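Shared chain: chain A. Partners: chain B in the first complex, chain C in the second.
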Partner chain A sequence: MRLEKCYFCSSTVYPGHGIQFVRNDCKIFRFCRSKCHKAFKKKRNPRKAKWTKAFRKAAGKELAVDPSLEFEKRRNVPVKYNRELWQTTFKAMKRIEEIRIKRQNQFILNRLKKGKELRKEADVKEVETNIHLIKAPTGRVKTLEKKMVQVIQEEDDDDMEEV
Partner chain B sequence: NSKIGRNAKQSGRPVKVINVYKKPPVGRLGDKVLVTIEHEKKKAYIVGCKQRQQTLVPKFDSNNVVLVDDNGQPLGTRIRAPIPSCLRANTDPNFVKILSLATTFV
Partner chain C sequence: MAHYNFKKITVVPPAKDFVDIVLSKTQRKTPTVVHKHYKISRIRTFYMRKVKFTQQTFHDKLTQILTDFPKLEDVHPFYADLMNVLYDKDHYKLALGQINTARHLIDNVSKDYCRLLKYGDSLYRCKQLKKAAMGRMCTIMKRQKQSLEYLEQVRQHLSRLPSIDPNTRTLLICGFPNVGKSSFINKITRADVEVQPYAFTTKSLYVGHTDYKYLRWQVIDTPGILDHSLEERNTIEMQAITALAHLRAAVLYVMDPSEQCGYSIEQQIELFNNIKPLFVNKPLLICTNKVDVIRLEDLPTEKAEQFKVFEESGIPLLSMSTLTEEGVMDVKIQACEKLLQYRIDTKIKGKKVNDVMNRLHVAMPAKRDNKERPPCIPESVQSLKKTMDTDVKSKKKSLRDLEIEEGDEYTVDLRKHWNLPNEEEKYDIIPEIWQGHNVADFIDPDIMKKLDELEKEEEMREQAGYYDNESEEEDDEMKEIRKTARKIREKRNIIMLESKEKRRVEKPKLPRKKMSTDKMNRELGALGIEMDSDEDTHLNQMRSRSKSRKALKRKREESMDVDKPRSRSRSVSKAPRDQSGVRDAKMARKVKTIGRKAQVPRNREAKKGEGDRVILNMKPKHLFAGKRKGGKTDRR
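Up next is the complex of A and B:
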């Protein structure tokens, strides 16, 4: 029993699921569900369908190049059976899985950090430009406004630190 | 890659199934069929179907057939197209010959 990857969306295809299609040039296409199969028949390019892993990796939204991903690649050289090799491989697989998941999550976190900074800047700017909406008519309030901007900035800093 | 097979491919005349040697005459994977090819009638075994299959059986881009003579000996010396591994279970002696000629299994 072997878990394959869907050609279109790259999700795992478990036995008993999906459709396997053999093209006349002997290339095998596996699909996890009819959604992917139909998209393939419509000649859609998986690298352009935004919901697929292929798109995400091509667009840099997910970890694409990493040593921990190299382990999953298919090798066409058969390995001579060696019991110890199997055992160490088995242990290694678990550890590599952990590392890979951590790295992937870290990659996404790093990618999203920038968004947080940009949003904070945008918020500060918004307050400064629109402070006239909440300002009181008297002139004394300029200091109050400044204080408000300061307070908002501090709040954002706290949020950043908390997270 | 029998002579006839090659000729047929070159001349572009499609192989047509004219008879299916089965009780309800519907040809599926692994069935023996009568086939016209290059103005001749030949027997053949179906090895690839365009039709949707049961789970774990692949479907092919085209309906594939392996030409066989009246005794059941495959006409060619090699089979290039991939053959579904579910046919490996056939113990029919003619089939075993076909499987031994096959290079790739799906």
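Up next is the complex of A and C:
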């Protein structure tokens, strides 16, 4: 039993789900659901459909090239069963998964950092150019006044105490 | 041969339907449109065509019927006689003759009317002639109603007759009713003839087929025959007689010594003697049926004596019981043998045999000397035979043996023969899938090495600060800026929505209510402008009748000078229209461009100004004339 990848969206196809299409040149296309199957029949390019993993990797939105991704590879020559090997592989798999997830999240965070910078700059520019919408040129800022009032009050209190 | 065609006779429709078929065919296959103003020759050919077509169709259909029905002279005399018995030869011939005359009459009618049509001078006259012709043809057909009905029934019955080949090997079974003829045929062939305790259960001939010596034999079951003269026989018995008379077959005369059929042995022997002339030139066999009831030996002597007659005349006497199947096969074999012998004899006596015999030659090689020449078998084959003979059981226990041994609890052990480096691990449960990944994709002998490398790399990255995600704490200033930016965006969205609301003119709008001073104070306060509460500002002055308004001081222009003419001065209390509401120079420029651009569509339509609504031509012809090719009127 094997978990396959959908040809269109690259999601895992579990047993009992989806459709397989075998073309005349013996290439097998597996689809996870009819959405992908129909898109394929309409000759859509998965690299252009924004919601697929193929697009995301090709457009650099997700981690595509990384040593932690090299571990999971379809091997055509099966290895004879060896309990020890299987056990170590299992442990390794768990660790690899952790590392991979960590790296992927970091990649996405790095990508989004730039957006933060841009937004900061946009805010500053906005305030500079359009402040007139909330504050008249001659208006005074009320908060500062309040603070000044507070300070005066404190001084008065101090004076009162002194006296 | 002839009997095969009986199933392929065309259906004879009843007279009414016949007429309907032909007339509708004429309607469909000939042109239908003709007008008064056509040339007369064209009209004439039109109607003549119709008449001729109807005649042709009738002729064809009737010819088809006449050719399909068998001619009694052309068929085998057995069938001719059978048809005579069943359908009455005279009636049959008469019906067919009438059909023939009808055909002839229709032809004549058509000829006559075509001749008349040649001289028709108007459409009406031609049409009447055609009507008359068709009417006459149809009446002729309607008169044939009885014949057509009779022929249809004949056809249906004919097609259901059993297909008896008069020339092949046949066994014919005859005797009194209820003696056991149908049971016998049921036993030796696959025929399923009805067997019932009452007489005349079998009302017609039935055919079965059986095999003997790699040849096909027909077995014919006849209805029972009673003992009276030929003239008194009814149709059912006549069928049996016809079969007896015409078919060259071996005759099996079945008798019932137990007299269960209701007729005594004497009566049966009487009948036998009466129909003896029919058995001339046919191999004959007497079978006594129902021996399970009473055996020939157990019969009282008087009755047994009567059977001696047969022995004297050399006719073989056989016993059988169709109930217990005792002797049935014997009878069949004897009958077949006898018939075969008879047929061979006749063939040899005839002339055709010589042709075949001249071509055959059986070679019998003579012995050369007295030497023994046995068959030669090689040594290896002999030794192999020996090993196969001795029943040595193989040491290995086969899987099948194991299966039998374990019985219900047997399960196929596919892992028994696995060849692993470590034998104990053969029966381990191997995981295949974990958390959406295939375990088989990760299996690699060097996986630990690679994992170590990866871990090292990971450490290095962490040390290098790759995973440091501390966003700098924003200082207060930045926070303020963010807050104000958000406020600005909100305010802008509100302004946009308000302007959209304003522009969306759906209902007539009431003029604005007066803005109250509190509201104004609030709004200006939000923008940061404080209103000073001076007494003599416009806002604080209440308009009441009692108080008279002071004359407002206005700014005086230089134009108050005496030198300048008064007309040149303008009051400056109202701002000029192209400057009111304009904040700064940038806006002024924008206003100008908007104004210029608003003129463009009007100029394109050569309008003098915004108030020019003149339409020179209210109803241009190209939009209001013509057929509806230009589209519906609301889209023109």
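Going forward, the second predicted complex is superposed on the first by the 133 of 163 C-alpha atoms of A that agree within 3 Å, B and C clash if a C-alpha of one lies under 4 Å from a C-alpha of the other, contacts with A are read in each partner's own complex, and residues count from 1 in each chain.
We take it that a contact is a pair of C-beta atoms (placed from the backbone, for glycine too) under 8 Å apart; a residue touches a chain by one contact, two chains touch by 3 or more.
No experiment lies behind these values; they were computed from the predicted model shown.
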item	value
Contacts of A:28 with chain B and chain C, given as first, second, both or neither	first
Touched partner set for A:1, first chain B, second chain C, both or neither	second
Contacts of A:19 with chain B and chain C, given as first, second, both or neither	first
Partner, of chain C and chain B, that touches more residues belonging to chain A	C
Partner chain(s) touched by A:115 [first = chain B, second = chain C, both, neither]	neither
Residues of chain A contacting chain B in one complex and chain C in the other	none
Residues on chain C engaged by chain A in the complex (per definition of touch)	418, 420-422, 425, 428, 430-445, 447-448, 450-451, 453-455, 457-458, 466-467, 469, 471, 478, 481-482, 484-485, 487-489, 491-492, 495, 524-530
Residue numbers on chain A that touch chain B, as the complex places them	15-17, 19-24, 26, 28
Of chain B, residues touching chain A in the complex	48, 52, 55-62, 80-82, 84, 104, 106
Touching residues on chain A, where the partner in the complex is chain C	1-3, 12, 67-68, 70-75, 78-83, 85-86, 88-90, 92-93, 95-97, 99, 102, 106, 109, 116, 120, 122-124, 126-127, 130-131, 133-136, 138-142
